[in-house]
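Next up is a structure, given as structure tokens.
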Amino acid sequence: MIAAMTPTKAKTAIQTIDLSVSYNGKPALKAVNAEFYENTVTALIGPSGCGKSTLLRALNRMNDRIPDAQVQGKVLIDGKDIYDRRMNLTRLRREVGMVFQKPNPFPMSIFENVALGPRLHYGLKGRVLEEVVEDALRKAALWDEVKDDLKKNGLALSGGQQQRLCIARMLAVQPRILLMDEPCSALDPISTQKIEELIVELGKQYTVIVVTHNLQQAARISHYTGFLMYGEVVEWGETTQLFERPQKQETEDYIRGRFG
Amino acid sequence: MWRTRLFDNLVQAATWMAGGLLILTILAVFYYLFAESQYAFARKFPFGFRVALQPLNSEYRDDISMDPTASLLAAHREGSDELDDAEDATRLPLHEELVSMQPLVTATAQTADLNRLRPDELFRDCMRAPKRAEQGERFLLLAFAMPTYNGDTMELAWEPDVSFDPAYAPYEFRLRLVRAPEGVRIDPIEVNLNQQPKGRLALPVWKAHSPEEYLKGYLFELEARPTTTTTLATIQQFLKPDWAPTILYARFGMLPLLLATLLITALSMLFATPLGIAAAVYLSEQASPRVREWFKPILEILAAIPTVVLGYFGVMLIAPWLQRLFAEGLQLTSGRGLLATALMMTVFILPTIISLSEDALRAVPNSLREGAEALGLTLAERIRLVILPAAKSGLIAALLLGVARVMGETMIVWILSGGTPTMPDFSSPTAALGTLVKPTRGIPDTIAIEMGNVEFESPHYGHLFLLGLTLFVLTLGINLLGFVYRKRAQLQL
Amino acid sequence: MQTEATLTGIAQRSEWEQRAARRDAQRLRKNALLTTLFGGMGLLTTLLVFALIAVIAYKGAPTLSWEFLTQPPREGMSAGGVWPMIRGSLLLMLGTFLLATPLGIFGGVCLAEYGERSRIMRFMHASVAALAGTPPIVYGLFGLAIFVLKFHFGVSLLAGWCTLTLFSLPVIVLTTETALKTAPAALIDGGLALGLSRWQTLWRIALPYALSGILTGVILSLGRAAGEATPVLFTASIYYSTAQLTLGWETLRQPVANLPYYLAEGYRQPGVVPDHLIWGACLTLIMLVLLLNAGAIFIRSRTRRRYL
């Protein structure tokens, strides 16, 4: 059993202020105020369509991809609003990495998959680049499995390995905040366990935000949990407290499996 | 209920019939292209040499074909070997005329049999029908001087008939001295005319005093010795660099046509590939859905413009412009040529390439785009490093399809190429530029131009089918390769 | 396990960040440049289309008149209209439509249903794909060999129909197959769940769903066939003859004048047909083909509204 320890000293890494998102005029997120702390794992839970993914994607402006998506409110990182007109998206995504539901390695070699980010962002090459790649693969607990054939195509890996490759790819860019959108939902139980261990490990160094529909998973890996419904935050708090002594009736219903 | 079942059964039967018919069609296309090409292999191989006995200082030394006394030994007419000598072969003039007019004489006979030579059956020229490659041919030639000749040497000179090139006949040509006149001591003579198509050799003078003595003069034989079978010879000739099917000594070398077609294809793909892929990238990665909605019909309109119209557009507007551009250096009479063709081909193929490339790009899953964007790659980097590599197979398939379309497109080449088969020449910059802007002719337009005037089921007709077969095999290979790449793209993504 | 390159120290972190910031400006410039370039290519293509159409319209429009469209040529082709050619093109298209549509649709169904199952069908699939890219001139040759000479149709409307049918068949087959495959699996499963046989499902559920896609494909390939001179060049075409003016059963065995061939022949015999007639015929041909395309676009937009 993985013990998720609440860190003693919590410093805010990213904060949303009255964040609302609507698609084509339909509100998906309503005035969310939330804080995420450094060196902490925060889980977002809630029924399908509750806005948890929308919230996650709003944190690194992935919603910009969707035409007709409108965002109001602020998301602050280091006190700066990422929705500011002058925000450099490249820089934002360097700071905030993201892993998706379905593993999406690029159709190129394992090494290239990981090296792509640091090479473009920091202009690394040669020995330093190799070290960064190795380091990222080690942090993603993939190094031992792939160190002998880094030239192999990333698509040739198993599902769980692909997802860890995507995590390594993200880590190689040296982000501070990691966003994970249901990273285990497409994986088998053993791979899921590996990724969970990895998330706990990463939580010691990074601000990790995980969207999950698996309540046990949220309980196992996170320090804090936010429960969303209909685009609104219902309850937000330390994981142990939220799961053992929920303050709201809806939370209790959802956790006890009476709803959603 | 039974009606429904009957209907379903009928539909099923119709489907099977359609499927069967399709397979039948495919097989028939293959079969008939091959079958009609067989007429090409019924071809015969014409050849002709002019031989003359000349004095040392003959005014026709360098141009034997101008010598009125030269004999033409030729197998170049369609028809029988028993030519009507009154019409087709010139009889040797009477002895008195020869004595007074022509001191040195070559004479030939219709027969190739030594024993059947008769002094009153001699001709100046001998023209026979062309033969199959296996058959070969043999001509006899008598050479002698008249008593009035006062020189002390004479020379036997020969050269290929005008427009005949020994390389275009599958024979080994030999000129051999069969028999020297009595009392003349001379080394044996045997000349390989393939190696030495034009030449002369000195002979001691020998005079014939009466028509009966003609037969005792120098007796040569010109032999066309078979070197290969007609089938092989036809194929060999087909790969030679000269296409002139209507001249007396027809040449069916399709190399210039093939090269022109390949060059036009290469050039237009060179223009169309960057343009087309860039536009497809714009459409699939950058344009808003609204722009895309507008763009697709525009592409379809461009794709729907008939190629005849594109050809006219080129010949009325592009070719004159090219002519003005290059007129000074190259003395162009028209701007029609490789470059004009390739330019209009680019316009022709662009919509296809854009449309297919866009499909290939759109087949790249969105998850890759999101992954690359979340990694902080700029749009250009995403396109260059992630999307284009992921769509590679699909893009290659699109380009291959474009290549096949350009290769077979007929009307544009017909109208714009200028119509002269030319071997491309890249030996110098000027020559290369000339190759690009001067008239040329490709495979498809050759078929289109010549099929209208050809006699059905003649060798020429067969060769046009052989051209069609070549084109078909080329495009078939490219299409199948494209098919494989398309399948691969579908499996990958 | 941490290597030297690991960014633990804050100092190193900020140094890397500075380096990245320096690169950012350059990357964004490059991005702007490339994306503009791509957009420019798109714009260029659009302009190309408009320029082409505009030039042809500008040159052809003065010639276009009711008389040009409805009168036969006069004065040794140097004056008058192009009605026999228009009619010939329409005749060729009509017959091709009637022959190729059922064959193509049935063939496409056959391919969609059995396409991947047996070796012979895989061969057929690859062959149809290859035939779809086979040059029209090859179809012309084939039509000449088989329909004109072997079947003794002669150079005639009938031979033209057969050749054009062969020419447009592969495209129709492939479009039908693709359209059938886009029918949602749920729809098919629903049909099967209702107790319909595979065939009934295909014919009663998938085909109606795919019909608009199929029709679009049919019309587009007909448009291509109508504008293509090469397949009918030696199978059905005649420059012009007065026999064209009456219509009857014997028309089937007679060659027909048609617009693409008129243009091709007009080019081959320079000076006979004046330029303005040529431009007018070009514009007429384009309009004929675009009319078909407009039909295809219309069908597509209507069905899109119905299903989305």
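By written order: A, B and C. Residues from 1 in each chain.
Note that contacts are C-beta pairs under 8 Å (C-beta built on N, C-alpha and C of every residue); 3 or more make two chains touch, one makes a residue touch a chain.
Model, not experiment: these values are computed from the prediction.
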Query: What is the chain whose Cα centre is as far as it gets from that of chain B?
result: A
Innermost chain, taking as reference the mean of every protein Cα atom displayed: C
Statement: Comparing A-B with B-C, the one with more C-beta contacts is B-C
Message: Nearest whole angstrom, what separates the Cα centre of chain A from the Cα centre of chain C?
response: 48
Message: Need the CA-centroid distance for the pair chain A / chain B, whole Å please.
response: 66
- line: So, in whole Å, the Cα centroid of chain B is separated from that of chain C by 31
- request: Please list all residues of chain C that touch 2 or more other chains.
  value: 27-28
Task: Send over the residues of chain A in touch with two or more other chains.
output: 90-91, 94, 120-121
- line: Shared-interface residues of chain B (touching two or more other chains) are 378, 381
Query: Which of the residues in chain A end up touching chain C in this complex?
result: 88, 90-91, 94, 120-123, 128, 131-132, 134-135, 138, 174
Query: For the complex, which residues does chain B have touching chain C?
result: 4, 8, 11-12, 14-19, 21-23, 25-26, 28-29, 32-33, 35-36, 274-275, 278-279, 281-283, 285-287, 295, 297-302, 304-309, 311-313, 315-317, 347, 350-351, 354, 378-381, 383-384, 401, 404-405, 407-411, 414-415, 444, 447-448, 451-452, 456-457, 464-465, 468, 471-472, 475-476, 478-480, 482-483, 486
Task: Flag every residue of chain C that touches chain B in the complex, lowest number first.
output: 27-28, 30-31, 33-35, 37-39, 41-42, 44-46, 48-49, 52-53, 55-56, 59, 102-103, 105-107, 109-111, 113-114, 120-121, 124, 126-138, 140-142, 144-146, 149-150, 166, 169, 173, 197, 199-200, 203, 220, 223-224, 226-230, 233-234, 260, 263-264, 267, 275, 278-279, 282, 285-286, 289-290, 292-293, 296-297
Message: Quick check: in the complex, which residue numbers of chain C touch chain A?
response: 1-7, 13, 16, 19-21, 23-24, 27-28
Query: Contact residues on chain A for chain B in the complex?
result: 60, 62, 65, 67, 89-94, 97-98, 100, 102, 104-108, 116-117, 120-121, 155, 166, 169-170, 173, 179
